[in-house]
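I have placed the structure first, in the form of structure tokens, so that the comments after it can refer back to it.
Order of writing sets the labels: A, B, C and D. Residues in every chain begin at 1.
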């Protein structure tokens, strides 16, 4: 069996997660080299995982003909440009979400990818989560019947610094974008209209930075189903990631994952664990499985599960959500871009 | 202690529930008499519960000076007129929901009640439900912190006949009205704006009758909290009645009540009971406790928990919800009535 | 339909429970009269429930030919003698558990009942509990397959006064006797052997009074199944009443009942209600349903669900358990009585 | 930091598990070489995990001075002899459970280890399980109060072949031995007496081979606590691994781990996942963490968590359990060996 040679661009938190996943859990792939704009500790990292090459720049990596595919894990504003260059260099691409904050640049990436005939997978890891993938399977096996309602609860344990609100594109493009993709994934259908009630209830500084921290987001899907997402930037009990789908045959819902399944019974009540703390703990299995999928799609020429089109559509929904808040009305996706 | 003499107008399903509750569970009250437009079986019913008087008409009942209070359990279109006459006759009033389908008539009832100086309690029994009352208490004890999100799931086991859609005023006035009252109760604040995504996904005949059977309803409250209700007229697994509140200190949610707490583990999975079938099974305790509250409010001159104002506001929200569906936009309560 | 005239002997806690159940929930029966060795408040009680007669003594009650059946709710040491007299007077008998602390007197009651041709039901109310009755039904419907293991957890919220240990006959005859009956009921088979590990871990005064407060009790059943009961006189989280059955097709277990189904999620964890506090709260439904069964068995000449034989066998098992603790070895039921 | 060079003796199922854990999850250790009596596929396995050396025999491995420690993963009957030789060769030892089926040979291993001054860890992996380790922690933090009851449910999904019963030493030495160790671990105290009710209810062939497949096992601990283990060789719903501890402040229990946290609600009921299928799925995390502990204990000269003494005591309890079944009486551990 051929082994895929992968280069990782950006060795921050998520880059390291993929480094580890591929090295330990994807026998059909190998991290051949890494690069980062920050050089400190890079060689030590390479040594730790037995990575042969440390490139001075991503351009050097793209020029290396031994590299089959790259993971774009650099800062968001560089995703699109690097992806386009990688496509031109004939490399298969795994790009972290969001591909870009503008539909135009996402489309440019998609065109470059199409032209080059390379694979593109976008980092919507939650599709690979054991709970949500199981719900998707139940829907596809018609265990839920005709899908009528999709409900997603997605709450962070703590708000980001207010200054992050600006650079990240705001809550919808940064945080809810995962939920938009999940909603589309479960619905098996595109979103046609968005209406949002949002507020700044957690941290006034977020509001001053022009963002919201609490929202109820309504979705209409092309297939007639209705959806609703509720977001908060701060849940006192931790990272709350639940999904419920409802249809003609019944419902299915995913509860939170917890560190243990231990229950304590005492004079205070009957108490179980809070959810796993945050996305690294909660979604580690999905980060691994998205790598397995990506490598498999390249080696065996299969479609990826999270395409450029998925990347694009989630951004369109996020932009419609922003517009809905600004204008206080339902916004059709067709109005965007 | 004085015992309150109660007359029940309307001996249908809900009238019988109150007959039983008062006779067996409210030692401070007594069902002195009953009346109904359908005479068949009325005397047998009176005998069964040891009720002294069977009146030919509600007018006769109102003319009986031994009657202290009446329960208006007749058909919805008669609630307001009977309540007004009862107020004029100096009787305290428990009126089933909705008081009327128009705000004007509800206001007329409220005026008559004010003028007569009698008590009025509206039949929003769910405020007395053990689960929801406990959540209300947790909010009031500041266990949830500042309230930010209120989520209500309310799904019936089976749709009503389509012809019922017309006479009942539609899903929002007939079914969701309980959820509107619950939302206001938990928020401790009035609804200021409504936006609805609704559809007819369960039974096309309901759509042909001009109603919807599936909806996601967004609420803005005067205190800044956001709310969302999801409704379906048909849940394959039964009567689904859940509530979740979320605030700065955490969240609380009420799961469904079930016939037993038995779990079966076999080769199919780990299975527990479906919810209690429908509202009579599910809310029997609350029907009893609303009677205890009503009798207490009259005997001890306390405010009722569900006032004419609550009856009025729920109808305003329901009408705003209808308008939102018709016009595809958020509707302010101030636009109604 | 004939209405059964019932006399209640003993108007203490449990006598009042039955008074209420029959008056409000058993339309086919009526509490015709009551009696008690303590006269204070007896007439007020009769007035409250509309009971016609207050007898000076149980003998007077038994002499009243209008009385069809009696409930023996007096102190344990009087159960057997009163029951025998009642049988001789031709009254049907509901006798609280235990019938007596000695097998001889229980047998004497059974003989008197047989001779008189009256019904005898023993107050093992838990057979009527919604959870345990459902597990019994699952077993009978062969949902569990061949029964192999029966596990009962039965823990009180607080220990009784140590002086109670002596008069009650000790933990096995007073508390565990309910579990012995439940085990026999679920097994559908008699116990043949008992082995107990017991200790005094909760209150040294109980040990000084010659009793234990903590025990693990092993049962062998005639049909080959194995059983285990664990008891404690003090559970910090309240009244713990769980059952698990295991067989060739799977398992079923009954969790505790709780005041509400509300879950609170905060920085401390995810917390639900403690169990309903004690037996009156926990088993009220079963106290009502055992009355319905008793009245039905008399009126329609059906067998009772908890017979004199059940009363006798539970005592034999309890005595074997005591002997096992004393002698530190498994004891066969055949060794007792 | 020094990296520990490990040799694995026996490359069967559990040997492979450790190979993988060390290679991917223990950066401070390295599998330097492997050996097995079956040579087929051994080199391929070494290649897969980048293992340098494949030895012809374990003797060759023990003679290699580059090897710091060995994992004894060979067949049970060879554990003790290999461990003794390894100790003599100055290698630290991780030995799979049981060390031997006789106390004499376990003691011989302990003596050899003591004399050589090497570390010995026994493969009681469950002590490292996230659920059970958390319960242990709660006990140590005095969250449960004085420990009074320990209950372990341990049921396999399917019985082993009957012929396995003989060679494995029977259910108590093969399967329950894990539960005995868990009971001792949680109690923080040695077992002093055992009483067993056991039967062959699952597969008659197991009975013919002289073993049992269903048991309720009672334990007395030196500290006064009482324990009970229930075992079955076949649970229709899968691998059932639960623990409950009860004390003066309350209780804690560990429920089963499941593949997902998804609940399905349909007309059949409310259904969640069956437990993870068997020990490899269920305990993978603990297999990894026991390796981390072993390597840490060697590198940093710390005590191991599961010592030779733990290995010995579990065997003593298992032998007492066998004797209890044979003689139908409680057996003191002091009677054994």
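Simple rule for what comes next: a residue touches a chain if its C-beta (ideal position, glycine included) is under 8 Å from a C-beta of that chain, and two chains touch if they have at least 3 such contacts.
Quick caveat, the model's predicted, so the values are computed rather than measured.
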- Message: Under the document's definition of touching, what chains do subunit B and subunit C have as common neighbours?
- Response: A, D
- Could you pull out the chain whose C-alpha mean position is farthest off from that of subunit C? A
- Could you see whether A-D or A-C has the larger number of C-beta contact pairs? A-D
- Interchain centroid distance [CA atoms averaged], subunit A/subunit C, Å: 58
- Task: Could you please state the distance in Å, as a whole number, between where the Cα atoms of subunit C are centred and where those of subunit D are centred?
- Result: 43
- From the C-alpha centre of subunit A to that of subunit D, how far is it in Å? 40
- Task: Could you list the positions in subunit A whose residues touch two or more of the other chains?
- Result: 235-237, 240, 249-251, 264-267
- Query: Any idea which subunit C residues touch subunit A in the complex?
  - Reply: 235-237, 240, 264-274
- What residues of subunit B sit close enough to touch subunit A in their complex? 145-146, 148-149, 151, 155, 195, 197-199, 201-202, 214-216, 218, 220, 224, 226-228, 230, 232, 234-237, 240, 246, 248-251, 328-330
- Message: Quick check on the complex: what are the subunit C residues that touch subunit B?
- Response: 23-25, 27, 48, 130-131, 134-135, 138, 143, 249-257, 259-267
